[in-house]
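Labels A, B, C and D are assigned to the chains in the order they are written; within every chain, residues are numbered from 1.
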Amino acid sequence: MITYLEAIREAQAKALADDPRVYIYGQDVGQFGGAFKATKNLAQEFPGRVLDAPISEDAIIGSAIGAAIEGMRPIIEMQFADFSTVGFNQIVNHAATMNWRTQLPCPITIRLPSGGTAGGGPFHSQSMEALYAHYPGLIVMTPATVEDAYSMLLEAVAIDDPVIFCEHKYLYYHLKAESLPTEAMPTGKARVARAGRDATIVTYSAMVHESLAAAEELAGEGWEIEVIDLRSIKPLDTDTVLASVARTGRLLAVGEAFPWGGVTAEILARVASEGYDLLDAPPRRLNAKDTPVPYHPNLWGTHRPTARTISAEMRELLRR
Amino acid sequence: MITYLEAIREAQAKALADDPRVYIYGQDVGQFGGAFKATKNLAQEFPGRVLDAPISEDAIIGSAIGAAIEGMRPIIEMQFADFSTVGFNQIVNHAATMNWRTQLPCPITIRLPSGGTAGGGPFHSQSMEALYAHYPGLIVMTPATVEDAYSMLLEAVAIDDPVIFCEHKYLYYHLKAESLPTEAMPTGKARVARAGRDATIVTYSAMVHESLAAAEELAGEGWEIEVIDLRSIKPLDTDTVLASVARTGRLLAVGEAFPWGGVTAEILARVASEGYDLLDAPPRRLNAKDTPVPYHPNLWGTHRPTARTISAEMRELLRR
Amino acid sequence: MVLQTAEAPCSCMEASENSQSFLKAYRWMLLARLVEEKIASLYRGGKIFGGVFVSKGQEALSVAIGSSLRKGDIFAPLIRDQAGRLAFGEPLLDCLRTYLGSRLGPMRGRDGNVHRGRPKEGMLPMISHLGAMIPAVAGCLMARRFRGIEGTVGATCIGDGGTSTGAFHEAMNLAAVERLPLVMVVANNQYAYSTPNSRQFVCRDLVDKAAGYGIEGHSVDATDLGACLKTLGQAVDRARAGHGPQLVIGSLLRLAGHGEHDDAHYVDPALKESALGRDCLKVAEQHILSSKWAAESTLLDWNEEAQKQIDDAVALTIREPLPDPNQEDWCALATRHLSEG
Amino acid sequence: MVLQTAEAPCSCMEASENSQSFLKAYRWMLLARLVEEKIASLYRGGKIFGGVFVSKGQEALSVAIGSSLRKGDIFAPLIRDQAGRLAFGEPLLDCLRTYLGSRLGPMRGRDGNVHRGRPKEGMLPMISHLGAMIPAVAGCLMARRFRGIEGTVGATCIGDGGTSTGAFHEAMNLAAVERLPLVMVVANNQYAYSTPNSRQFVCRDLVDKAAGYGIEGHSVDATDLGACLKTLGQAVDRARAGHGPQLVIGSLLRLAGHGEHDDAHYVDPALKESALGRDCLKVAEQHILSSKWAAESTLLDWNEEAQKQIDDAVALTIREPLPDPNQEDWCALATRHLSEG
């Protein structure tokens, strides 16, 4: 059995082994193997190619941009997604604009340990994917499975553009697979994680699993809920979403991020404008609450959507 | 006649005069009166209360937070909205979380000279409102008129929460009013900028004027287009939007920001979920293109929505 | 019952001013050490969510800044400032309540562990982003100046790693330009998480940064409580007297993992055996005994008193209500009517 | 026709190495001065969109870094580096095409004025955010090291104001830790836009920051071309020889507004009359004449040649196609099939 976290380690090991242009840079990623052990033993296995960085997110990302200009393919680990606010300027204004301004691609991969865990609190729990998706020039991946964590990270490194790789901390240890994939769906294609015909849940990352649990619960009540795992939110596979809504006539978009804007707004906007006639009922969204992410599990469990609140929301949708 | 820019200056003069807790801090805001002259003569009129800052956006915002904790009401000028990426962490993680974490409000006003002008280029043209609206704990104002620029800025200073005040650079000189208002609509209420019955345009900031011009053009073709000026995008006045869509049955959301996510997505998502039955046709959105904001006016004029592209989009909507 | 942080926990044999403040500081250090040991054991018992970060080895430096400040000053402690917090006046209960998520704590379960404070009382609650508190303290001091309040000092703490942040630089420079009475205490504990100083900076000494900001710098052996009290006392005095920001570098070794989840296997054994590796609490204890400022039995009594105080506080906290999502006010704004919640 | 930047524009009377490089540098300075005067006049004629930023007074410092580098090095010029750009090898046409928005320029109308470069050729195109280019140059140098390429130097420029950015600090420290061959050139021109140094920093001298990063520092009178060539030459040599990052502070006065829209009325008259206020181009001219390295008539010829070159370039550029939104490829990604456009 291999975990989501190990898959991320394995993908990096393979990227380092296959491509001499790849190196890893981030706080404590070297000898120590990273705060979450996502780079465990890599410094030992690939001497000189996995480097500890100072606590300087702006310079870390800026240096990756320069290295990419000079032909490298850096993988950057932010210790937590939340700290990428400090490297934000380099990401959205420098990396993201490089290719459009100069026709020289900027192939960097920025790994963001994302999302909430019990006890994480306001500054170690954020889901920042929508911020990065808003800016032109970035690709934003949000893998929900062990297989995708592996194959999408490999693809991220291979892609010529800057990729924001949102790996979910809650899935690190919770998610296990038999083995690593040898083939994979390409980025930009969503996956039908569970087929259904009564309604569609469109979601991504950790919320795929809450949604699948909700669908399972609702199956006990006789409902067949389709669950779409977006896999990447930019590009966002509108076609697969619309095809599902065409089958079910009902849409619930679920995300773990803050409610204003974000992925769920983008999904509803696309379906409303491009698939209006497919809908049999008003589409719905479910997000986290509009406060910082709380520390205490009692609050955190209510702040973010869960299988329970998703099925409740879905029941409302099915009632219409 | 008073310009949008002068209104901003006047509001700051009044805030300084009325409330000893107010001070202004930002690059070149002192003796020089600011890059756009929004603080012209204020350092002279209010000695010691309008201070030049070093080129340190993170520290500028951080210091405002501390000052607010100690009872002041700082007004911070970013030289351009685009540079707020450097102060991003302090805004979204420190200012925005203060009240929720500690029950001590953080009354700071951050003025962001926003939006595109001919020749501005990728780093002096951005519309960052959606980024800030995504984060809990912030209020985001986007005044489109001279009157609102004045009264909303005064309100921003009075409000106990951090306010992101997106003032549009294109409107600085282009927009004039007879006089400053003595009464004002409160923040959180949208305004019907033009009444109509065939379709609704929901928009804000500079795009209000492009939309009004489009409505005027379409009036020549016999259409009565309603234009809603959101005024603030967080809070976003869903009720006024829904009431308008109830009247017209058709919705076009227009924004100058990048297309993924943003204000237009949030509008469509809200109307689709809360006002689905009010719609007679699929709602539409019009945003800037998904590239950085181009420098040359030839490109810039096509990158952002204009009266011409808004009316074209509206004709499509009216055809359905 | 719970010791009031306002009162000095001192009942010493000699009455010299130095020994008085030394002993007082020592008792805060002891209380800090013991409460963190308690929290670590609660963590191992699965009673605490999220991380636990202890300050073992850093108590002397931390207590020295906390006790050099006075009421009305501003203090923004960081991760390893349990001792300084207590000395500055943070109730012991705040610590336990925050770690245990009590609804009655200052953070009410919304934030945890070291992310606590009482901004109304001049103690800022840290956000995690390193360096972010420094400009906030600078801003507090600007506010005092605007308001015509004189004589305030503001202090904040950071680690060797935190000096690499842009936030540190911008804030130090801003404070220097404004000539603010800011005391910046750097605990150079040789590691930032697992990263040794050699991968963090290469200046001869972190105090060399002071000249680059045009401010005064101080270095201190942070395993030596007496030295810390003296140096921090001077720095605070100089800040208060109008000499602008003060940079204080305390050298020591982190004697625990980065957090309780970390066994710190990577720490260089040579460092542990060096003078930096001394335990400041033990060193202080030795000093007290050899100076005959207190008898061994007195130290044991103090230990017991502190332990009792902690046990009482834990017993109290553990019975307190936890946050309840249904009673929770899910509103981030102070201006309630503008909330979209 | 347009002078090829690869060739040295030198035909001097004496042949000493010093005079050769001085005269060569002088001619780049002259070309820079004249092309910026031309652009400023185009601006006043309404022919240029957005801002115009000239480097009057800074040509000596800028040309010194540009000409101390060699092919294969990395250079990230900033706002006021017209002379350095030319000396490093940027075609004159790049400047005009970018200012005038020609579709044939390196930025193709997508970006303007000073935001231009040729990253494939080692010249990075600045983004506006001050400080942001420094870590990028550091990263280029890391890449060269990873790739086993030896002997590269990377240089970048910033102003007094830019030293206050967190980006500057983080990148200088990172470069120091990695011991990268980075030359950081600071043009201390006394103002950041309207803000005088007294509101920007209070260290005795900006070179005092070097010790705080553990790197070598140099100061130079940037009104003196000879001194600049010598100091920058040394800094580049030391970086290339493996002595790690070099911080060079050049002192001078900005002899124009921040941009052409700014009349710089706020500049202290005392500064203008001080030694800092000397015009480096005039000083260099005097030096050439008094050293008898060239006759006055030769200088006039050079002036005419440069003017001709500029006029030709303008005449060419002005006839070039402008960006056409309908032909524009509105796609930000290199990976076209992943574009949502």
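Here, contacts are C-beta pairs under 8 Å (C-beta built on N, C-alpha and C of every residue); 3 or more make two chains touch, one makes a residue touch a chain.
Quantities reported herein were computed from a predicted structural model and do not represent experimental measurements.
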Touching both chain C and chain D (chains): A, B
Maximum centroid distance from chain D, chain identifier (CA atoms): C
Chain centre separation in whole Å, for chain D relative to chain A (CA means): 41
Mean-CA-position distance for chain D and chain B (Å): 36
Contacts with two or more other chains, residues of chain A listed in rising order: 53-54, 56, 58-59, 82, 85-86, 89, 93, 96-97, 100-101, 122-123, 136-137, 234, 236, 260, 289-292
Shared-contact residues (touching 2 or more other chains) in chain C: 107, 110-111, 115, 127, 129, 164-167, 170, 173-174, 177, 199-201, 331-332, 339-340
Pairwise touch network: line, ring, star, complete, or other: complete
Partner chain B, residues of chain C touching it in the complex: 74, 106-107, 110-111, 115, 117-120, 124-125, 127, 129, 132, 134-144, 146-147, 166-167, 170-171, 173-174, 177, 331-335, 337-340
Complex interface listing, chain B residues touching chain D: 27-28, 30-32, 35, 52-56, 58-59, 80, 82-83, 85-86, 118-124, 259-260, 289-292, 294-299, 301-303
Interface residues, chain D side, partner chain B - complex: 48-51, 101, 107, 109-113, 115, 127-130, 161-162, 164-167, 192-195, 199-201, 266, 322-325, 328, 330-332, 339-341
Footprint of chain B on chain A - complex, ascending: 82, 85-86, 88-89, 92-93, 96-97, 100-101, 122-123, 130-131, 133-137, 234, 236, 257-258, 260-269, 271-274, 276-277, 279, 281-285, 289-292
Chain D - residues contacting chain C, complex: 164-170, 173-174, 176-177, 179, 198-204, 208-215
